[in-house]
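Down below is the structure, laid out as structure tokens.
Naming follows writing order (A, B, C and D), and every chain is counted from residue 1.
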Amino acid sequence: MINLDTIIFAISALVAVFGAVMMIGQRNPVASVLYFILSLVAQAVLYIQLGALFLGAILIIVYAGAIMVLFLFVIMLLNLRGQEDLGERGSSVGRFSKYLLVTLFVIELGMVIKSSVLPNAGITGISSMVPSDFGSVVGVAELLFGKYLYPFELASVLLLAAIVGAVVMAGREKAGDTPAAAKPESASGPGSVGGAGD
Amino acid sequence: MMENEILTLVTFFPTIGVLLLLLVPGDRHDSLRSVSLIIAFITMLFSFLLWAMFDPVANGMQFEVNVPWITSLGISYHVGIDGISLLLILLTTILSVLCILSAWRSIATGVKGFLISILLLETGMIGVFCALDLFLFYVFWEVMLIPMYFLIGVWGGPRKVYAAIKFVLFTMFGSLLMLVAILFMLFEYQKYSGEYSFDLLKIMQMPFAYHAQLWLFAAFGLAFAIKVPLWPFHTWLPDAHVEAPTAASVILAGVLLKMGTYGFIRICLPMFPEATVTFLPYICVLSLIAIIYGALVAMVQKDVKSLVAFSSVSHMGFIMLGMFALNTQGMEGAVLQMINHGISTGALFLIVGMLYERRHTRLIAEFGGIAKVMPFYAAVFMIVTLSSIGLPLTNGFVGEFLILIGVFKFNTVYGIVAASGVVLSACYMLWMFQRVVFGKVTKSENEKLKDVSWRERMVLIPLVVLIFWIGIYPKPFLDRIEPAVKQVLERVSRAKTVEAERRFQIETELPAREAGSVGATGHVAGGENLCWK
Amino acid sequence: MVTIPAFLIVAVVIFGIGAVGVLISRNIIVLFMCVELMLNAANLALIAFSRALNIMDGHAFVFLVLAVAAAEAAVGLAILIAIFRNRETINIDRFDMLKW
Amino acid sequence: MSEYLFLVPILPLAGFLINGLLLGRLPRPVVSFVACVPVGLSFLLSVLLFFGLKGLPPDARVLEQVLFPWISSGFLLVNVGFLLDPLSAVMILVVSGVGFVIHLYSIGYMHHDPCFGRYFAYLNLFMFSMLTLVLADNFLFMFVGWEGVGLCSYLLIGFWFEKKSASDAGKKAFIVNRIGDFGFLIGMFIIFWQVGSLDFRVVMEAAPTMFVAGGALITAACILLFMGAIGKSAQIPLYVWLPDAMEGPTPVSALIHAATMVTAGVYMIARSNVLYLLAPDALLVVAIVGALTAIFAATIGLAQNDIKRVLAYSTVSQLGYMFLACGVAAFGAGIFHLMTHAFFKALLFLAAGSVIHAMSGEQDMRKMGGLRRHVPVTYITMLIAALTIVGIPGLSGFFSKDEILWKAFSSPYGHPVLWALGFVTAGLTAFYMFRLIYLTFHGKGRMDADTRKHLHESPKSMTVPLMVLALLSIVGGWIGMPHLFGVTNYFEQWMAPVMSGAGHDAVSHALAAGGGDTGMEVGLMTATVILVLVAILAARKLYGQTPELSTRLREKTPHLHRLLFNKYYVDEIYGAVIVRPLVNMSIFLWKIVDVLIIDGLINGFATLYNDISQTLRAGQTGRVRSYATVFVAGVVALVAYFLLG
């Protein structure tokens, strides 16, 4: 039963998990980002295996290419090299309980998958027949500009808001932390006017 | 045509004022004050119109308006007034004007918020007095709470936060129980008539089972007793009064305390007449304790404001007692005394406030010899003091006399104990008056105090005029109170006979106790709500 | 033959790793990436379901989730910069003002 | 005629309003004009009304005027109405007449006071209240005047409010009066709920049918009403305020605390004589309290040194006489003594005021002496007054006092013991009055040189009123001579329609029959006169001729003297038994019950709540990761719930 699909799946799944594990284990954030990109690439392979060609491409281009660069950019900006003192690691009991918690969660999810009824799932697998335009640019575009036009537009508004928000948040420095300095001025304003009014 | 709208107009005109005030910049203090003064003044004129259009001989509610509001729950905007509400509304509008006038200079920070709070409060108070829908009543009741919280908490004295929170917690505690009771009544009414309604007049037609009445009376009664405040729920009052700014004290004492007694007379007595008869002795005893206790504690206070606050406890005890005497004289006296207490105690707080504005202290020991430096002030203070201790030809006497004569008829011992409160009130008021106003000027700060200004005279003179008007010719007031009181009494007296029969039945059928009590509640409740036994 | 549940298992495992990361990481940037990782795990599951049910709506969802992730990254990193400017640290445990 | 009735009280009210509202803006002559003229007019009107009333047949001598309904509630209806009958006619004559004289006197006496206008405003307010009191046609409106005079008394006692003792005395007067009023109110309630009205005429007419004669209810009502009278008229045990009331200006003492206000209690009892006749037990209480007060106050008066205080105790004692009269159902005699007392006691006070004026404000008799050469008019008028009060035959006091003593002995309600108390009091009165005369006007001057230089007779505006009152003191009693002198007792005749009490022929018959024993009456009268003369001689011996004798007497009985000098320590006893415990209890209620228990309970709840919150708050670390952990745990639990459940 071992065919090419299975090998590709096994390798990319392992790489994806490996990248994820390595990501959280690094002290240096730059290394974390690189492992994350590795995991993303492996996941893109899984996407393609599932027939989502377009999304696989998007994942690499947008996610690995743009968003992760943004992360790197911020890390460089803040000049973080992993020498950052992150304090105590916390009690091992605490860490262990967290692992346990997540493990339990994963087991639960596995049980959910096991007990859930998926048509074709157990029998067909990924080699089953699908329409020719499944996962293609056209297919996704038809959905986005047809059935999901409204959420799509909302997403664009969300992005716009995010841009504005990011600019406001990160760009505060330009205004020069002035609220404290501005306060007495604004408080004395009405006071003096009121005094004149009397 | 005007008849239908005037009540709504009086109620919401101050709210219009709030909107206007929002348009005025916050630093224009004098225009803010003028605008709110004009608004309050016009509201007062409307209420005078209400008085003029009111038919003193008609029974029942007048100027009634009933517009569906939230139909699915049977909530409607149902307002209307009788003589009792009319007088309380007048009191509210007059005191509001005087409050704004009195706070002209003393409130210098946050003027806008202060005035908005006062006007919102006015809407809330008038709303409570004319609401005939329990939901509406509850909404206005809570609307009152918030501005008052801010008035005490923002513009108050050194312990303002403690006082404000205490005030809110006490009131909230009561009003939540009231909410539960209101909801219970809603569902009971639904069971009874098949439709949801919060309408006071409709629910009043429905007989509640005796045991249901007990619980409902207890819930409403607690809410109102806290507001009155009846001993031992009174401890929020001195704190709130001492910390509150003058204007808030005036409204608190003048109108807010009346909410409690008004609630009793509008809801508890007519709706739960059988329970009223049952609770009667307890409330009377608490009232008597309040009368004596308030007077005694007032006597040893060092702060003028807390003295007046405890005197309020004592006076409100009189009002409660008069109301629960359940006869014409007592109840009419109680209603009139509600107005009188508003005028006299309001005036007392204004007077104390004027002194506070000048000296920034209210401790009795800090004064002395004020009559020498402020003769006009001393004269008005004297008049108000006399009104507070119920000297004939001032308003206090008429109310107190009616209450006492009513209570005496109802129960001789109660009457005698209550009358001794009259002696005590003379003790504490005159002692305080002597220490503040008489004697030599001992403190150098007091030597240069200015007598009252024209603005302050305009605040005090209307109250003095009212004091003498009600004292000398109370007939217009009593005439308007009488029909309303008669109606309440009619309902309660029916219950009294029912209660007597119930007792009789229980006593006569003591061997067959079970059957007796079932029969008794049965003919009250129409056999419907027997589950409440 | 690779079946759909296999993909789902991978997604669950990645999600679990992300969750562990969120719970134990003290570096705010890593924590942030862990959140992204969990989003990706969800995306993977969506695509797997899409394939199993043979309808493409899942792809549209994934697209939208990507947009949201991008927005989140932008705003989140901006907040991070703002916080770092004030507190000079990226240790998540130092940010305990939430209790006030 | 009756339509002008309301003007009698209203005129002084107008004077009060003008002087009160324009306080400090009017020159003194205008103030005194505005104050005195309305009172004078009231007096003239009273005279006219009196003669108008006299013109009517005796049984129809009632004028009534109802102005407007005052309080109406249910079937309670109280009018603002005035009633003029023989009783109130006498009262308004006395009140407005003496009041007018004292107003005139005050112009001179208060001349130097900076608060001239305020003084006259209060005085006019007092006239209004007092006239309202005596003219009111129902109990409640009478109560208006009753409290009104109390208020004016409070204001005028504390007139010099910068003096602590003065404002203390005012407050004391008001509060003690309030205690009495408490009884008055309750008494009124009983009457109202029994009769259904407070109108005098209705009550008096209906009382015999509505009340069981001698029953508990009417006895309680009468005793409670009498409690009001005890307060107002300074009887045991509420007399304590009157001596202190001497802190006020002297004309005020004369008007309010001697001539008019303090007699209101007597008037009230005479007014409700029908009720009292229904309650013999109450009458007995009145008589006993009256007689005891008479002798008790007289003994205190023996040892006082302040000239006004002596007069104050004398007033208390004389009021006791009046109540004694009422208590033996001789209401006419009580009112008669009220009238003559108004004349001579006002005169005594005004003369004392003149002395004080001459002495530059000194009131201590130990610092006086030999004044008769310096103030001859005052001396003579005061001597006349003293002779009148002790009851020298021919002067007014003789007739009224003698009638009381005789009635106390002979009335069906009387008793020899009551007479004996009155008899002894007469002797004591004579002694302390002449002690006063001798200490003040005779012997050597004991004042300091500075005062001696300023000794002067008072101005005309003060001496003329003295003379007028002296004349009245002499002749005022001639209208009420006893029958045994062979003349008509005009006063008794005049009062008869009010006093006979509807349907009480038996009582009036008994009273008339009691007056039959002429020999006994002459005997008692002679005994009294002899006792009085002996007492005067004793006073002359002790204080006029050999003053060292009095010192020796004092040293021989130190305890008795100290007891009398300190007024039996009654004030101190009241302070220790009533005032202090009350204040302590109040402090206890405030600090312990209010703050500690009630507030403590409530604050305790708040604290408890706060503590619980503080404990739970520890879970809120503020760290994102701990929140996330809990979140994940929650999700795990939820999923587990759905999987397993």
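Operating definition for what follows: a residue touches a chain if its C-beta (ideal position, glycine included) is under 8 Å from a C-beta of that chain, and two chains touch if they have at least 3 such contacts.
It should be emphasised that the depicted structure is a prediction, and the values quoted were computed from it without experimental measurement.
Q: Report which interface contains more C-beta contacts, comparing A-D against A-C.
A: A-C
Q: Kindly work out which chain lies most centrally, taking the average of its C-alpha atoms as its position.
A: So the chain sitting closest to the middle is B.
Q: Compared with subunit A, which chain's mean CA position is the farthest off?
A: In terms of C-alpha centroids, the chain at the greatest distance from subunit A is D.
Q: Could you work out how far the Cα centre of subunit C sits from that of subunit D, in whole Å?
A: 95
Q: Centre to centre, by mean C-alpha position, how many angstrom separate subunit B and subunit C?
A: 60
Q: Could you state the distance in Å from the CA-based centre of subunit A to that of subunit C?
A: Their C-alpha centroids are separated by 4 Å.
Q: For subunit A, write out the residues touching at least two other chains, lowest number first.
A: 98, 101-102, 105, 109
Q: What are the residues of subunit D that contact at least two other chains?
A: In subunit D, 629, 632 touch at least two other chains.
Q: Would you pull the subunit C residues touching subunit A in the complex into a rising list?
A: 1-10, 12-21, 23-27, 29-30, 32-34, 36-37, 40, 43-44, 47-54, 56-57, 59-60, 62-64, 66-75, 77-82, 84-85, 89-91, 93-94
Q: Quick one: in the complex, what on subunit B touches subunit D?
A: Residue positions touching the partner: 166, 169, 232, 235, 293, 296-297, 299-301, 327-329, 332-333, 369, 371-372, 375, 386, 391-393, 397-398, 401-402, 404-405, 408-409, 415-416, 419-420, 422-423, 426-427, 430-431, 434, 437-440, 472-475, 478, 482.
Q: Okay, in this complex, where on subunit D does subunit B touch?
A: 23-24, 68-74, 76, 140, 143-144, 146-148, 151, 154, 158, 161-162, 164, 167-168, 170-171, 174-175, 178-179, 181-182, 185-186, 189, 192-193, 582-583, 585-587, 589-590, 593-594, 598-599, 602, 606
Q: If you look only at subunit D, which of its residues touch subunit C in the complex?
A: Residues in contact with subunit C: 617, 620-625, 627-629, 632.
Q: State the interface residues of subunit C toward subunit D in the complex, per the touch definition above.
A: Touch residues, subunit C against subunit D: 19, 22-26, 31, 92-93, 95-100.
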